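A, B, C, D, E and F are the chain letters, set down in written order, and residue numbers restart from 1 in every chain.
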Amino acid sequence: MNKEFTHLDEKGRAQMVDVSEKKVSKRTAIASGKVKMGKNTFRRLVDNNIPKGDVFNTARIAGILAAKKVGGLIPLCHPLPVEYVGIDFKLLEELPGVEITATASISAKTGVEMEAMTAVSIAALTIYDMCKGLEKGIEILEIKLLEKTGGKSGHWIRDEIET
Amino acid sequence: MNKEFTHLDEKGRAQMVDVSEKKVSKRTAIASGKVKMGKNTFRRLVDNNIPKGDVFNTARIAGILAAKKVGGLIPLCHPLPVEYVGIDFKLLEELPGVEITATASISAKTGVEMEAMTAVSIAALTIYDMCKGLEKGIEILEIKLLEKTGGKSGHWIRDEIET
Amino acid sequence: MNKEFTHLDEKGRAQMVDVSEKKVSKRTAIASGKVKMGKNTFRRLVDNNIPKGDVFNTARIAGILAAKKVGGLIPLCHPLPVEYVGIDFKLLEELPGVEITATASISAKTGVEMEAMTAVSIAALTIYDMCKGLEKGIEILEIKLLEKTGGKSGHWIRDEIET
Amino acid sequence: MNKEFTHLDEKGRAQMVDVSEKKVSKRTAIASGKVKMGKNTFRRLVDNNIPKGDVFNTARIAGILAAKKVGGLIPLCHPLPVEYVGIDFKLLEELPGVEITATASISAKTGVEMEAMTAVSIAALTIYDMCKGLEKGIEILEIKLLEKTGGKSGHWIRDEIET
Amino acid sequence: MNKEFTHLDEKGRAQMVDVSEKKVSKRTAIASGKVKMGKNTFRRLVDNNIPKGDVFNTARIAGILAAKKVGGLIPLCHPLPVEYVGIDFKLLEELPGVEITATASISAKTGVEMEAMTAVSIAALTIYDMCKGLEKGIEILEIKLLEKTGGKSGHWIRDEIET
Amino acid sequence: MNKEFTHLDEKGRAQMVDVSEKKVSKRTAIASGKVKMGKNTFRRLVDNNIPKGDVFNTARIAGILAAKKVGGLIPLCHPLPVEYVGIDFKLLEELPGVEITATASISAKTGVEMEAMTAVSIAALTIYDMCKGLEKGIEILEIKLLEKTGGKSGHWIRDEIET
């Protein structure tokens, strides 16, 4: 096995990977996560009387802004001027709760996995924040990468059995 | 039931809660989350040859810095000059993976739940970032509030059955 | 007349006002501004087929976030952990366009005029950004303080004739 | 008419435009705005006894810094590493007040209109901030794009009659 | 000797000091530093033909803005809404170069030493940046705390022999 | 001599250099600085009982994050998405204290000298912050550029006699 902790040098010190010699390629990443809440909160959230748009738009905006700040949030990430970030929400009756999916893309020397993962995380935290007056126990779960394309390692699709 | 979406006004528009008339009190919040990885990655992470300190210290610093930026990340949160943020990591053989616990405290007019939740989330994303060269499928799960004290709603402890 | 450029010292050098000896008081500020567009763009914006909510909610979130960043944007402003920021939009058929009103409040040693003014400005720029694909010539106008309360200078209400 | 709200998807949800497939071209944008004040304030500002340089240099620095932060301020804007931002001030006796002009340029996949517009807005707010001790009623007006070059839509010059 | 590394816990892990139980007091800190350059660069900088004001005002603004961002720059620092930051420059013929002095003050639970030290550092880097086209070898030296007041440890004045 | 203050225009006003017409080339910069402390503090820092890793890792992370923020800290710097930042520490018995070296690299139209210089400065301030509970008089000294490559001005190596 020749994979390594790319963010640790030979002496185990944290390091940023030097990508200055890598080639630019088109890269995308898709990540998802869930926000699980009680039935009452979910009912209120999906209820017609409630302006779901503002909750989800606020979470979307927060996630998009966070994707643009990844270089300032995740210490060893390269700052990347992302070229697209999109966030979608799906109501899950059976959870009950919300599923969040984020897609990021860029033409760059390194990938946008962290942009997609961070967008999901901050969107989830924003939903938590907006609903916590109703239910403090809401939980964020299953934040994970679904797919990535581009770069030397090429196309990767999550194999649910893998982990 | 008289709880409300405090972040939506009567017309359902997103709003920041006006806390200017609230009283200052000492507040704390504790949140936790998990990072679940494959056995190989976990083995490498706990292996004596690997400088775990730098992975965890980097994640701790990222989480602390993020807690200080909550007002800029979560749109309707009040900017709070936090007075303490602490982050601990515990290796979980059975997951396998890492459990992250964050504690935040402040004397203020509103609580620090989001500071604790955000610190956990960004620390988890940082661990993901540092290990993703080994395993892209690593998953972040169970980010949740464990306890809060202070403020009008007083002491709240998570009841695991609740959600 | 004994008013002074409080942000210039006796030698005319830019300075931050020292408020460390001032007393904390409840302060509020209200500012407004307008975004003027062509009839076609306005028609599209108010049209039932168009999800106005997302335009205005996005502008509201941008304005609220900007109010929280005033200390980092306006060089000599004190960083203030604002306790409330609210932003409202009103469609003006006769302009045609949108009127933006922002209210900020805090208990602090100095006022929140800049928070209200900045919230209006960034909300207006966000509307411009979201509509500029339709009409690049959209104009932002009449950004001004309407009212402030609190502090040594007390209650001030805009006298339209004054300027 | 085939122009669209590029920042809203087919369901009217806020979105960032995906520019990853667009071509890089040299782009520039010029925007302007005005700060209108009372005669007394204007007299003090232009008076030889007053160090205008520091007021205008402070506003220039604020505007340049803001242009570099557009991706973090305007939610759906692409983060762009601007390659030039210049800001000029002109005293207008007849207003009386100050005219601000900002120019931004970059070689990128998308334009720098928002960088120029934001630079003008924050420079104007900084002048307001530095003069508000003399006159709270100072007004910011006529923030607008004057010209842009580059990109698919090519050269655009403001036609004053248009709006 | 009972002084400790306050930023390391008993196991040597980095930590933020919990100040939530400390008392608010008025605190000030003064720091200084020097920028040493060649005679030619110094001559150009002090020459009447050169607008020194803009170099020094730009450095002053950069230093003040940096003092407001200390919580985001220095990982274990408490975010403090500083109430005053002032920066002065003195030309030193004998160095030759510039001496920078920064003063910060606040009423808070913890001190503003880092705000004063950071203001000096960023002001010095800004002077370096503005002069590096003339001389890349310019050096920043002797950044140090001169004095602090307030807090449990009280008044401290630098004893030049101490270090 | 035809070198100029590139950050001042012909009227001496602060300006950002327009690099939009420059060519992209691979650029690197190396800078260094020192933190000088008393013998007792140095002894504690190097003592086996003390987890030096966390002090130095925290300083390294702070320096790397700061290098990514240079465009927001140094007013006239171009925002550059750095492709590598590395920071090393060396214990100097004879000072006594710590020597910090930072390397930055990028393929861009302008150099990364400020990224390397800023990384050193913020890493030094972080060490000061973590040790100031033991010794407030610790001093930061000799922050300077050691070497740069790339760009029109080509390879530059510090000539210690020069300044």
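Simple rule for what comes next: contacts are C-beta pairs under 8 Å (C-beta built on N, C-alpha and C of every residue); 3 or more make two chains touch, one makes a residue touch a chain.
Note that the coordinates shown come from a computational prediction; the quantities given were computed from them, not determined experimentally.
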{"item": "Labels of chains that are neighbours to chain C and to chain E", "value": "B, D"}
{"item": "Remotest chain, chain A as reference, centres from CA atoms", "value": "E"}
{"item": "Interface copy of A-C among E-F, D-E or C-E, judged by whether over half of the contact pairs recur", "value": "D-E"}
{"item": "Inter-centroid spacing, chain F versus chain B (mean Cα positions, whole Å)", "value": "32"}
{"item": "Inter-centroid spacing, chain D versus chain C (mean Cα positions, whole Å)", "value": "16"}
{"item": "Residues of chain A engaged with two or more neighbouring chains", "value": "13-14, 51, 53-54, 57-58, 61-62, 65, 69, 75-76, 81"}
{"item": "Chain contact topology (line, ring, star, complete or other)", "value": "other"}
{"item": "Chain pairs that touch, as defined at the top of this document", "value": "A-B, A-C, A-D, A-F, B-C, B-E, B-F, C-D, C-E, D-E, D-F, E-F"}
{"item": "Chain A contact footprint on chain D (complex, rising order)", "value": "13-21, 71-72, 75-76, 78-81, 109"}
{"item": "Of chain A, residues touching chain B in the complex", "value": "1, 3-8, 11-14, 33, 36-38, 40, 44, 50-51, 53-55, 57-58, 61-62, 65-66, 69, 73-77, 113-114, 117-118, 121-122, 124-126, 128-145, 148, 156, 158-159, 162-163"}
{"item": "Residues of chain A touching chain D in the complex", "value": "26, 57, 60-61, 64-65, 68-69, 81-86, 105-107"}
{"item": "Complex contact set, residues of chain F against chain B", "value": "51, 53-54, 57-58, 61-62, 65"}
